[in-house]
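Consider the two complexes below, in which chain A is the common component and chain B and chain C are the respective partners.
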Partner chain A sequence: MNDRVKHIFIWPAFLLVLVITLFPLIYALTVSFQTVRIVPPTPARFVGFDNYADILANARFWGAIATTATIVIISVLAQYAIGLSVALALHHNVPGASLFRVTFLLPMFLAPVCVALIAKMIFHPVLGPANEFFSMFGLENLPFLTDPNFAIAVLIAIETWQWTPFVVLLMLAGLQNLPAEVFEAARVDNISAWRRFRDITFPMLLPLSAAVIFIRLIEGFKIIDTVFILTGGGPGTSTETLTLFAYNEGFKKFNIGMTSALSFLFLIVVIVFGTLYLAGARKLTQRYAQ
Partner chain B sequence: MEHIEFRKISKSYGAVEVVPPLDLSIHQGEFIVLVGPSGCGKTTTLRMLAGLEETTSGQILIDGNDVTNKRPGERNCAMVFQNYALYPHMSVRENIGYAMKVHGTPKDEIDKHVDEAAELLGLSDYLERKPRNLSGGQRQRVAIGRAFVRQPQVFLFDEPLSNLDAKLRVEMRSEIKLLQRRLNTTAVYVTHDQVEAMTMADRVVVMRSGVIEQVDAPITLYERPVNRFVASFIGSPSMNFFDARIEAGVLMIGDQRMQLAAKDADRIGDYGNVVFGIRPEHCREAETASHLTFDVEVIEPLGSNTLLLGKIGGQKIMTQVDPRFIAEAGALATVPIDMQAAHFFNPTTEERI
Partner chain C sequence: MKNLLLSVAVLPLATIVHAECLPDYTGVTLTISTQNGPYVASALQTAAESWEAKTCGEVNLVEFPFGELYPKFLTGMSQQTGDFDVIGFIPAWVPDFAPYLSTMPAEMQQGEAWDDIHPVYRERLMSWGGEIKSATMDGDMHMLNFRSDLFEDEANKTAFMEQYGYDLAAPITWDQYYDIAEFFNESDAVNYGTAEAYARGGQQFWYFFSHAASYTNNPSNPGSMFFDPETMDAQINNEGWLRALEEYKRGLDFGPPGSLNNGSGDVRPLYAGGSVAMNLDWADSGILGATEGSIAGSVRTAMLPGSTQIWNHVTGEWDMFDEPVASPFLAFGGWQLAVPIDSKNQEAAWSYVAELTSPELSGAAIVTANTGVNPYRLSHYDNIENWLSIFTEEEARSYLSAQRASLDAPNVALDLRLPGFFSYTEILEIELSKALAGQVEPQEALNTIAAEWDELTDEFGRDSQLAAYRASMGLPPLN
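Here is the complex of A and B:
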């Protein structure tokens, strides 16, 4: 145990981790307690929790949390509901399943920036096909991107469109891993398709579902590119998400200290939402634990 | 009374016919075992009966009703699977009572039935456990309990004991048999293990490549196999076969001569070329015993008896002899052969003579 050789093996790895992951984190944490302005350059000054206090007192921060949470929660629920349905359909080999299997996955492979640009064209208030479609029902020139509620709805729709395939992919893998005999046993026992889903498929997929939703929640909170391109956070700050808020602080006002503090608050927000979610999910999965 | 009837049912996957048209009748309350080597179509046949596989052609009747195109749930069968197929997230109690619960049976009645089944199968102490926390034998008991509480018309077993260890297998064998007797429910049981087939069945169906070779009571299969395949498949250790010749009531293997039993001498005294079959346990002294000499290669003492493995002119032989029989590996040994228990097969058709 007292072999000195072990140090040779441990230290390089430890230092690497320290330099690559811990140092930036600690550095950012320090900066968050300072005022640092790049433009105009001012010397760093320690201000304690002032940055945090400022942000917490800022209504724009709370607005960003509400906007982000609305987009994330609604879109993730939609992604899961649609994704699981599609996965079930693909699993049961609906006609044309192999074609759908490929096409349904395509949105996921697009860069969010491209998706946002496409969406911007589609939802153009005058020229877009969405406008044309709704015009057929007498609803002309809907303010898709200029009315706060419409804009949020559009963002939710885009998030759902882009990330449902991810849910489909994982849920399909999960479905295909379930033991076939269990379902055959249920069929022989005259259990209807709906009860098979409700009592067997769904509970058996719960642990996976919990994980998939968790991944999507965490990823969803980072939403910035689509918002940046589509609405730029507007109208006003009504669609400004947390990351976009941080971006504006950092790269428009060049207030680095404030931005660092904001990043840590963002981390706390994600941890809070994540923990709440995991607590709920654990309760559910434990009831159906295997 | 015929309870289950297969009428010319067949199964093909694309151009590959795994079960050619097959006929079989099963009586009410009978315990039928389908047995055969892997890939002989026994499981496919069972699954067609359960409705889990569609039949390519033919009809299946249960209790006189054509169920060929009915869903599995409408056939009133209960099935026990090789991998237990328990609902992993449900307790033993929920597993056994699930079908009843879904079909709207009142709760006290479910509890009564579940408790009864658990009592019978020795599961009373495990009712609140999840399948994961049970041993293989206990899991299979739960699966049997689940089938049993439904009181179906037909029990279907798909190699239910294959995943259990040898000792447990012997125990469960008799338990399943007893349960079936008690309920007097028709049972169709699939296995590749001929010992299981022999010990449990009222009648055994021996299958090869989707074709039924013989349907008979276990003892008939053992004593009068219709062809060489059945003869080699049934019985353990399995039967010896030798290319031989019969002339003037005498059987000749190489230069060794053995006198046929009187009943055979009258019947096939001058048959010519035959395949001579003798079970290892029939290498014993008897009124009509002849003797056979062979090169001993391996001696396997099993305690109650000893197996001698060797060769006669390039043909393998295995005999079962008394533990005190004196033999030595590498030397010649002469064993008695009970010619009353000899079997003869046609060398080209392999049918019993």
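Here is the complex of A and C:
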């Protein structure tokens, strides 16, 4: 009797989750094995793994992975390094810590499109303040957004600027939850500040650090707004990220089958990067735990 | 009895109220859709108010971001949802939309208002497969904008004559254009020579097309600018296109640093703010310069430069001409309106279109700020008085005569209109920006584009694409 009642309660929720979560994924997966074009309207036809094979043979796809990985890895490392340093400073109650806490968090609240528009003005090759700054050193009119290397550096800088506050916020919360008695004992033993950080603070924060970096890596792979506004993926495809590539396939070419396949490949790329990262992070955490 | 008398008394009143609605569309609600305002949408709103007052119908204006228009319209029409009674869209989409659009009523295709539309719009851009499927509500083409204060300055004229051996005036060939750009770029009179759009996603390809039209739109082989109209083979890697790309790239030397990242939105203030002596753009630069810029009174407009050589893809040689042949390019072609077949209010919808495109309302829209509506009727070009709220008389004459001359040019070049337009232009944009950034040689970029265009054509169906291309170029179907 009890079992039957249980099913009455479980099945509606299960079906709801199935419809809301799984159905779109299963539908997209089905479409990824078909040629479906809205423009010109093409009837759906099963093509097996052709869409996946076409994408994997496409240099633009691998270029987009390389660009995305470069931006994400460098910017997340920078976010973590700067974020942890700022969090440590704020944790030690530097003068004006409350003001800094609020100020440092502001970039995170801005929409990426607004950030990109602000950056476009800052990095304007003639009128932007970045040009004025570099002009003081004799470096006038640098091609901030038109040279592939400069453009990627600018994108990394913007990502770092906007998302470091996220790292600060979480690391500060982590620092405030560390047991105070451990640090007091270290001070009594006259252990230097650097060793306290290296041997106590950093290892104790490591699980949190691993989680924060993981979240930023996953989020970072979704970068599209800033690239779209600042460079449009150009020159050529040198700053085109995976999501922008998928957007162009889906909303410029309306090649729905290909776009679905691309979405799943994107998922695989993120899973691969995520798994590699988690494996490395686990090893590191275990080593410090010993 | 009392009630009967009251009814009899009220009946004439009701007839009077009814008579005010001509034609009477009481109870009809039109759903009209276009891009987010103010551009275009504000013109649709103004016309909606006018139409509602005349017909007692109602209009529901639905706006979407530009990027969403195409899939929303196409999906709605192909699934026969009846979501829209009137759609505002761009000519490049006509090949994809045409099967789902109703034909303009015969009574709208006659009379003074009809004859007043410039024939290029009326007979070529509004027509598809021999039927009028849409109504132009905005005229668009690329033009050359220049500053009269610089071009008419005696010191500049003398210096230019000494340096180049001919008079400083609006260029009629691209060689002259680059001479003038170089002259002003080196001069102290102005910061830079010229400005064009080069950014990927910044409408760069229309600027490239404007150059290419002069070297590839051969009057001996109509419709052969983009594809061979017999085989649908891409022509974009021939010598005419190569020359156009090399010249287009050369313009980077005469613009501000960072021009490679300039879209059309950047090109306008550069001209209107007085930073450049010339620019290429749609009509917007002239309006901006005269109303909000620092060059008011000095805004001058000319037809795009032409060439004395045009590539002949049939002979594989340059055709030479004694005089420069103007091949002004109708970039974009201007916004259009159409009534989908699945609209349940087709008659009322076309009546709304007639109201919006009437000489009276369109005449007001072209001189109203932020409507985004540019001239397309003969009366728009002839009525100088109408423009004096924006321009000085000289500016207005220059602005209107350049547009009229472009449309009247015997070798006017039509924009690419083909199913899968964005698939073709995306390939183009990527390779074009690589070539402009110096990542690949121009010929290599063009060869890649041609190969990928051919692949795309095969994928979409060569025969159907060829038929659509010929229709877009006004050529009869092949047997």
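Annotations
Note that the second predicted complex is superposed on the first by the 286 of 290 C-alpha atoms of A that agree within 3 Å, B and C clash if a C-alpha of one lies under 4 Å from a C-alpha of the other, contacts with A are read in each partner's own complex, and residues count from 1 in each chain.
Methods note: a residue touches a chain if its C-beta (ideal position, glycine included) is under 8 Å from a C-beta of that chain, and two chains touch if they have at least 3 such contacts.
Computed from a predicted structure; not experimentally measured.
Once the complexes are laid over each other on chain A, chain B and chain C both fit without any clash.
In the superposed pair of complexes, A:M121 makes contact with neither chain B nor chain C. Judged by the touch definition given at the top, the superposed model places A:L145 against chain C, while chain B stays out of reach.
When the two structures are aligned on the shared chain, A:P203 is found in touch with chain B, with no touch to chain C. In the overlay built on the shared chain, the residue A:I271 is in contact with neither chain B nor chain C.
Touching more residues of chain A than its counterpart among chain B and chain C is C.
After overlaying the two complexes on the shared chain, residue contacts for A:L56 are found with neither chain B nor chain C. Taking the C-alpha centre of chain A as the apex, the lines running to the C-alpha centres of chain B and chain C meet at 150 degrees, rounded to a multiple of 10. In the overlay built on the shared chain, the residue A:L22 is in contact with neither chain B nor chain C. Once the two complexes are overlaid on the shared chain, A:A173 sits clear of chain B and of chain C alike. After overlaying the two complexes on the shared chain, residue contacts for A:D189 are found with chain B alone; chain C is out of touch. Following the chain A superposition, chain B and chain C show a smallest Cα-Cα distance of 53 angstrom.
Residues of chain A that lie in the contact sets of both chain B and chain C are absent, per the superposition on chain A.
On the side of chain C, the complex with chain A involves touching residues 67, 70-71, 74-75, 78, 96, 199-202, 256-258, 260-261, 419-420, 422-423, 426, 429-431, 433-434, 436-437, 439-440, 460-461, 464. Here chain B touches chain A in the complex through residues 50-52, 71-75, 77-79, 81-89, 98-99, 102-103, 130-132, 143, 146, 150, 156, going by the rule given at the top.
Chain A makes touch with chain B in their complex at residues 179, 181-182, 184-192, 195, 199-200, 203-204, 288-290.
Listed in rising order, the residues of chain A touching chain C in the complex are 38-41, 124-126, 140-141, 143-148, 228, 231-238, 248, 251-255.
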